[in-house]
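Should a chain be cited, it is by its letter among A, B, C and D, assigned in written order, with residues numbered from 1 in that chain.
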């Protein structure tokens, strides 16, 4: 990962600020010959875009993606794909308070310390709006994966909102799209709606845990030692705004287990090895096993709240701040499609890298 | 991160297998003129090396580091530093069982699937022995940090062993070096000793959580958006063998908090901003705030246990395996110096990158 | 260098095709706080843009650069700068011949072989139009160099057109901007005008040699062994369309010299070492000496000529082709500002890298 | 290219100084399953090693390569391969003169200026001795190419020594190995022997041009725009010590040609397109055509000569220097196997990258 680029062979470079004229991504290293149109990306964009219900910021953006290069007669050419997303609702309001004061929990103060100046309008480059470009790039990755690994499927879901976790036994993939929280547990979703409504009205916010899961991932993806598949997924997810923790498989809970409990035993199935469990999250030694790749990440609560918080000004005076304006009471909701997009990009990048190094052939197990 | 290299300007490339003649690292991009001798590295090596007490593998390695290049008359020259560590106790025993059977929870099966062959002796490249090279490189990073950020201090500690966590109130830095677990809580250390002894005798194993903490980190380090300081720390820690989760500051718990609880309020101290708490773990928007950088990672239990586990052979037959030989009942213990080393390398790399882009000057707060 | 990105800390990613809606570049890693406006870039764009006289293609492009991100209140913020250049004269004509036949000397056939399809409109991605994005990025680099190395000056000139070379003794910097060839020798320029007019009318074309020269380059830039300053200049220049050779200092002629003739002897001047000559082209061991950095590159003649050439079709039939349409009789002319831009980017990148590794301090010579 | 690493997927990191205990390379990203033994590399090492005849330095080095990792039971494992070459003849003599004075034309002064100190023993890191590591890595690349592109063949030859060029009509591959100059023209070789003997005795030196040529290169290799195949070959060759110019195909002479003369016309042969000539040097638009890839590079004369040259000391005093000791009167001779090695590494790297992005499938021409 390098400043504003991620990936090795499938490389995504993003740019743009919250309140500039546009933002976007350049997708480089894309395999040629893949059918790709703007419409292929829009569904993913719509999943992330704000203003769709009362639980997300009321900023209204069409988040329409324009493809300015790299596609000819409906197919990728192997040259860089420029994805442009115009900002249309970057209200030209008074930013006085944000310009002069650092919001606690925001990048305001660190951008100022590092760069000596900052685009304070809507958080500038540090705004979660940047993730729109990731989702567009992830849409490209999914189209390519559709050609190269057609059975591979990526699903994200919110599994915890603040103190309230889902019941894993109640997980139903079909439920995820039916509620505004990408919650796979219908009972939890109903509970969360009430809970979040209360928080929203009081001007508060709350954190969340997102799980992203890829099934039918080919075994053999990952590049030990420092570009392990889990390493790169961790980096990809940690780079999303407001993320403070990342887990693979059993995650932090792995620390509490004994070797006996943690072992995923192996037997032979009709198509190769079968595992008794998936504490590994589909990755051993940094390489995919063929099991589901399972990752989770924690999103902290939005720092923009109505309760006054102590802070300082650019000139060093102590003061208080209240962040008004359009914000997400649980920004984790909109992180779900972002997590999916990052996972798609990492998996495709590793598919290409593995094909480069090994030709994509797998060591056999069995006759 | 790229296969066997990590870092951008301060780059570490490691090589070597558990049972080959040697392993090591090439450290490239090191600033010139830094006093460096093999003795500077040995203390860190000794902290990680096996066989020092009954709680770690009984493999006996001197882990002496030889510097073969990049240092002249006791100072770094700015050219690559080759660090060589000979393997001296790679017992030439019968590997029959490991050669033919895949150990559950090990990289055996995925290396086989990816590469079609594997060096099964002691785990080959996937062995935790590779971390010796990281510790040596981390030692170089610490020497350079000693010149460039002399107040910066990195401390690692084990904060959980299986079900048993420390009492954060009992944290005492001075205690860390006094027990074989790098445990900062004397009471917990005594409890763990008894607990781990039981596990060891029964041939079982258990996981752990390690915390690494850097104080006096200059504000302004980090390269948004995809090489954020927390992103790179997460990648660096997740790349360590057996790690399944990584947290920054409040970590996964951030998901359970409200915005009010999570906000680290800011006031002015004599030397700049002061924070009421450190849920952020010293990083906002991917850039250091000047507070302590705090990261934690979960290490899964060693998969090598005496209880038979079901598995398959290379030829696809179902069987059982018991892993005898020298192993760590809690491999997390030896991960403490490794985590410290990775943090040192990441911080130095970002110090150099920041100096490259911004000249190392900080945006002022106050007069 | 990596696909469509070049640079290490100052990184430029370009995208776009000759006949798409737009092309451009993302400039990442730019130092913050540098004054930058679109007007700063336009002068360089105008130097490269087509249609300015009868010796260059009659395509008419305003080549106006729009800055879509990374600048706030007139200063760079340290975040990625998106430079957008709209294509406005990409005539929607019949491409039948070019679509079906491969032009000898063009990338048509290799793009087809590699990617299986190609955007044949105007050469697609392989068009020299891509260099507009480089010039825009080079303009950013020059603004930053203006802050960090204010005395540094970059000048490019055409020193050979086909069989006709300049008289080095007649070199006059002031002459360069006075003729349509960037020729520093007034006599040669007059001669070339007549010569090229003849070629143009006959539908032929001819090659050229360009020299780019940077004066007041700080000593100490360059990153041996594989990112030497000359290595990276060579790569940067060779990546320009139609370039077939690159020289540093004495260049290919160095092969004909004896050690006595080649040695640049050193004496002490008031500001440090002074050299008796500059066969080295300002670079020793891959690191700048402080002398002028001097590079030359050869541009082959445009392949698009009116004389029929034998070729094959996509379906493998033998045929002939004549390339009509708007083309440059000596494409080398427009390569002059491109070469300057690439040199500016490489020098800035190395200035930042050197500052990162060494802090920008120089080893002293003398008291 | 990045400091001491080159390559994208097949990456070579070198380290070591002329007079340290050893030098070497880490080869990362190597495909697994390739038969590899130390003996496979020794032939290439012997071709480069010094002291084999009176025309090269009399330093005596066995240049035996030891493989310390990445190979198991005679096959590459896909993990990094450490290649170690011990220095055995780094005479412990008095370096007083070189330590205090900068040799004109050497990296002494720039290393001092950049790093503030330098390992002056034998040139330290800037010594041509570093190229031994490249040749070893190139040997690995050739073994892999033997599996992936078995017909591909790389041949290097010296085509000019000072003022004396070969007669291209007299080129005979079989002659190359029969004379101490890798000269493909028997008549020229005899002439050169006499010429160089005279230079050697007078303590002088002379430059050379080397041509490296790869035949049966698959079409489609290269990664436009900034990692074009010719760009990367240019970088790889320019990074070799003492190289001042690089040419592809017609090279600098391309500047003198008209479009008619330069066009390589295309017809259909039994196995695909056939070209009437090869001015392109086998590369169009940065992608291989399937023709021979042809590159040349100029090596300047060794700066170490017996004629006194003016220079300055570290303390800034003017003085003279005569470089005694063991040196090459025409260092270009030993650059031939180095150029071959670099070309092998670049071609393999691009073969893997192309396989990663496109799957290695070629767009068809014809039915």
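In this section, a contact is a pair of C-beta atoms (placed from the backbone, for glycine too) under 8 Å apart; a residue touches a chain by one contact, two chains touch by 3 or more.
These numbers were taken from a predicted model, which means no experiment stands behind them.
Participant: Would you mind naming the chains that touch chain B and likewise touch chain C?
Facilitator: The common neighbours are A, D.
Participant: Would you identify the chain whose Cα-based centre sits farthest away from the centre of chain A?
Facilitator: Result for max centroid distance from chain A is chain D.
Participant: Averaging over Cα atoms per chain, report the distance between chain C and chain D in Å.
Facilitator: Chain centres of chain C and chain D, defined by C-alpha means, are spaced 26 Å apart.
Participant: Could you tell me the distance, in whole angstrom, between the mean C-alpha positions of chain B and chain D?
Facilitator: It comes to 38 Å between the two C-alpha centres.
Participant: Out of chain C, which residues touch more than one other chain, so two or more?
Facilitator: 2-5, 14, 29, 32, 78-79, 111, 114-117, 125, 224, 358
Participant: If you look only at chain C, which of its residues touch chain D in the complex?
Facilitator: 1-6, 8, 14, 102, 104-107, 109-117, 125-126, 130, 160, 162-163, 199, 204-209, 219-228, 230-232, 234-235, 238-239, 241, 243-268, 273, 276, 279-281, 283-290, 298-305, 307, 309-312, 314-318, 332, 354, 358, 361-367
Participant: Once bound in the complex, which stretches of chain B touch chain D?
Facilitator: 2-5, 11, 13-17, 20-24, 26, 28-29, 32-33, 68-70, 72-73, 75, 77-82, 111, 114-119, 124-125
Participant: In their complex, what parts of chain D are in touch with chain A?
Facilitator: Residues 8-9, 29-32, 78-79, 224, 352-353, 355-360 of chain D touch chain A in their complex.
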